[in-house]
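Notes for the one structure printed next.
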Amino acid sequence: MSASITTNHNDSGYNFAYLDEQTKRMIRRSLLKALSIPGYQVPFGGREMPLAYGWGTGGIQVTAAVIGPDDRLKVIDQGADDTTNAVSIRRFFETVADVAVTESTEDATIVQTRHRIPETPLKEDQILVYQVPQPEPLKKIDPRETETRKMHAYGEYGAMQVTLYEDIARFGRIAKAYDYPAIVNGRHLMSPSPIPKFDNPKMENNPAIQLFGAGREKRIYAIPPYTSVRSLDFDDHPFEVQSWKGCCALCGSTESYLDEVITDDKGSRMFVCSDTDFCNTRQAEKTATAVADDQASGEEA
Amino acid sequence: MAYVAVKGGEQAILNTHRLISETRRGNQALAELTLAQISAQFGLAVDRVMAEGSIYDRELAALALKQAQGDMIEAIFLLRAYRTTLPRIAASEPVDTSEMAIRRRVSATFKDIPGGQVLGPTYDYTHRLLDFALAAEGLERSQAVVAAAPLDEQVPQVIDLLDSEGLIEEESDDGQEEVFDLTREPMRFPAGRDQRLQNLARGDEGFVLGLAYSTLRGYGHNHPFVGELRLGEVMVEIVPEELGFPVAIAEITVTECQMINQFRGSAEKPPQFTRGYGLTFGHNERKVMAMSLVDRAMRARELGEDVRYPAQDEEFVLSHADNVEANGFVTHFKLPHYVDFQGELQLVRQLRAEHEATREAAQMKEAAE
Amino acid sequence: MTIQSSTSLRAVTSYDASLKPGFIDPVFDAQAVFRASLLATAYPGRVVSLDRSFTAPRPFSPATAALCLTLMDFETPTWLDHQTSCAEAAQWLGFHCGLAVAEGPMAARFAIVTDPLTMPRLFEFHPGNVEYPDRSTTLIIQVPSLTEGPPTAWTGPGIKTSATVGIGDLPFWFWSDWDLNGELYPRGIDVLFTNGNALMGLPRTITVEA
């Protein structure tokens, strides 16, 4: 037995995108079913990946099943291309798929993300792959899959509404800042993964294909393009997103999701865009305009 | 700028790789461990890594242990990730443990058994005294005495002796051709026994041991007897489609435990003994005993017993037994979560402000009255 | 690390030497065809062309053959219509996909229809079950045209407003059966139409006005 395996020991034995072809076929079949039943979690035979469960194995398997030599891959974590886990996943695909990578949302054909949807609007044919730690939005209501599966089967989401209403009774609002559940295509309750609720509206009627991979829980689900995604709310307490008083300290944006950065040990802080590509692009544009303005005013004088 | 500090860098990651490599090697003045040394002298560690890593390959398991600096769960994880890249060539025939080349075999239920008790290699009767002589290298060992005659080729299972009297539940081939394959299919509930046993065989030894222990302390209704515990080598056979008959492809070491448990009977069934089963790659006695106890506990529903305790609850046990899954998820909280934390910060600030406003309003009202 | 595309191990038994080949590059061809089927399913009603050529056994079109190689294997019991099961294609599927043949349409994960006018009614295929609606049959229906047939109006997820589609030569009952399929939601069958080198998706979520 050992002899047949030893040929694979060295680095050269891995298939394109790490997974063997049979595994890719299985994931691909699951992806097509996921798109056919928007928001429904398709169980799939998730494999162990060389990254730890909870660190993006679901997203990685989905990307590995989808990616080809013509793709340009962007990987973000917390909106940023240079966070450690994003770097690590990007390097994984550079190594096992020899694929072109980019930090530009605009140029990417596939964006794998953890915890954010890029600020730059996505286009048709682009694919957004979400890493999902816990795909079951009803888990907090009942930890048993045997129970939550029935709730999804019969669309019985009353218990979820009750939980949210308890928040309103207690806090005067729905106390949920991220992983805010939504109903997809008017039927399935879905976890959007731990994106801030700020990003929820971006999922609706998006021209791009949104795929969700939960590796440890072995579930795949999807939102097709141009699909209704309604964040749960109540008539007297409509869904609303976060907003900030100030703007990004680097690019001046007032429309993006801001991270709070503590700048010294006295607790001073600043707010900057979590989406680094969006922020860098805006900064570059500002510099270019400033230079152009300088030149223009110079010519006038 | 301070902003840069919160972002990781490609260079920093590369450096962590170099540092872990240096740390692993340690003092360069010392000789480097070879895989052969690990495989031969840390044999039980290798066995556990093979069992929970789900690959029978001592050399790979030794490599994983070396690479992981002896961290078992990390080594198991390495093997599992490697396993993903291997194509599935065939499914083996069921192994026949009654044809095992036995190295160790004990039963607690009868004083003497057909085929005899074979103590074999075990720590059971050693006194757990640190052996300072081992600290020196090149120790001479005394040779074990070899039995006069070899064991029979076929050694019947003790538990089968009870079968003839109908004292123990009959276990028969259910004719099911396709066995559930946990490595290719997601878990399903309610789970079949095939799925449960696979999960336990791969499950974390510590977790399964703890659960088994709980069944003995009142969190379950186990009253177990070790029907038989055996260790030895078995043949693995496959039937290639073009041949149509079985061919042996490997000889592997396995440990097996048949646990006998009391059953008080139900309206349909007379009182009789029931079975719990455990089997793993390599020499893993603690694991197979714990496994067979938890297997029996999870059969509660099937046997019409109340499901009241954690070890009897298959969804709880199966969902949490895998240490590769558990390790990943528990440790992923090291990853940045600042986007979500920012959302929470905003929310808590808002709730606190509202709380304060309500309190002040109440005080004002009180003062006015 | 060098990247390679590896073919799977398969026992070579007594197959006809004249058997048509499968993918020339099993890894990258399958990836390209899957991407096309992903786009077709995500954007129903769009003609998605495969940008590479494939040989196909009788009576398959290149797109039908390519979809089979991409999606099917020993794990997917597949139902073949009469015209397929007695042609070169059946043996080709056995060899290249290691395909398991389903006993009837109700037992099939996939169904291949090359002669739509004689196909079973849509309710004869497996609609999945209420707790696992994904375990339903996916139909691959090879048609003479994706655009020249009687015009139908498609709406639903993946379609921005509405799409006008003209699938050719479907049985007269097809679209009324499709309405009934929609009523089963979230259960239901899904369809991929093929023609020549192109495909078009029709997932269960799509409402069609004939």
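Going by the order they are written in, the chains are A, B and C; count residues from 1 in each one.
One rule holds for everything that comes next: a residue touches a chain if its C-beta (ideal position, glycine included) is under 8 Å from a C-beta of that chain, and two chains touch if they have at least 3 such contacts.
Just so it is clear, the model here is predicted, and its values are computed rather than measured.
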| field | Pair exhibiting more inter-chain C-beta contacts, A-B or A-C | value | A-B
| field | Innermost chain, where centres are averages of C-alpha coordinates | value | A
| message | Suppose each chain is reduced to the average of its Cα coordinates; what separation in Å results between chain B and chain C? | response | 41
| said: Between chain A and chain B, what distance separates the C-alpha centroids? Give it in angstrom. | reply: 33
| field | Intercentroid distance (Cα basis), chain C paired with chain A, Å | value | 30
| task | Identify all positions of chain A at which a residue touches two or more other chains, and write them in rising order. | result | 14-15, 20, 22, 26, 43
| task | For chain C, jot down the residues that touch at least 2 other chains. | result | 8
| Residue numbers of chain B (touch at least two other chains) | 87
| said: Quick check on the complex: what are the chain B residues that touch chain A? | reply: 2-3, 6-10, 12-13, 56-60, 77, 80-81, 83-88, 183-190, 249-250, 315, 324-325, 327-332, 335-340, 342-347, 350-351, 354
| request: Flag every residue of chain A that touches chain C in the complex, lowest number first. | output: 11-12, 14-16, 20-22, 24-26, 28-38, 40, 42-43, 65-69, 95-98, 124-125, 127, 149-150, 152-154, 185, 187-188, 207, 209, 224-228
| chain B contact footprint on chain A (complex, rising order) | 1-2, 5-6, 8-9, 13-15, 18-20, 22-23, 26, 43-50, 52-55, 57, 77-80, 82-85, 87-88, 91, 114-116, 133, 144-146, 171-173, 175, 177-179, 194-198, 216, 218-219, 242, 250, 257-264, 270, 272, 274, 276
| request: In the complex, go through chain C and note every residue touching chain A. | output: 1-8, 26-28, 30-32, 34-35, 37-39, 41-43, 70-73, 75-76, 109, 130-134, 136, 138, 157-160, 185-186, 190, 203-205
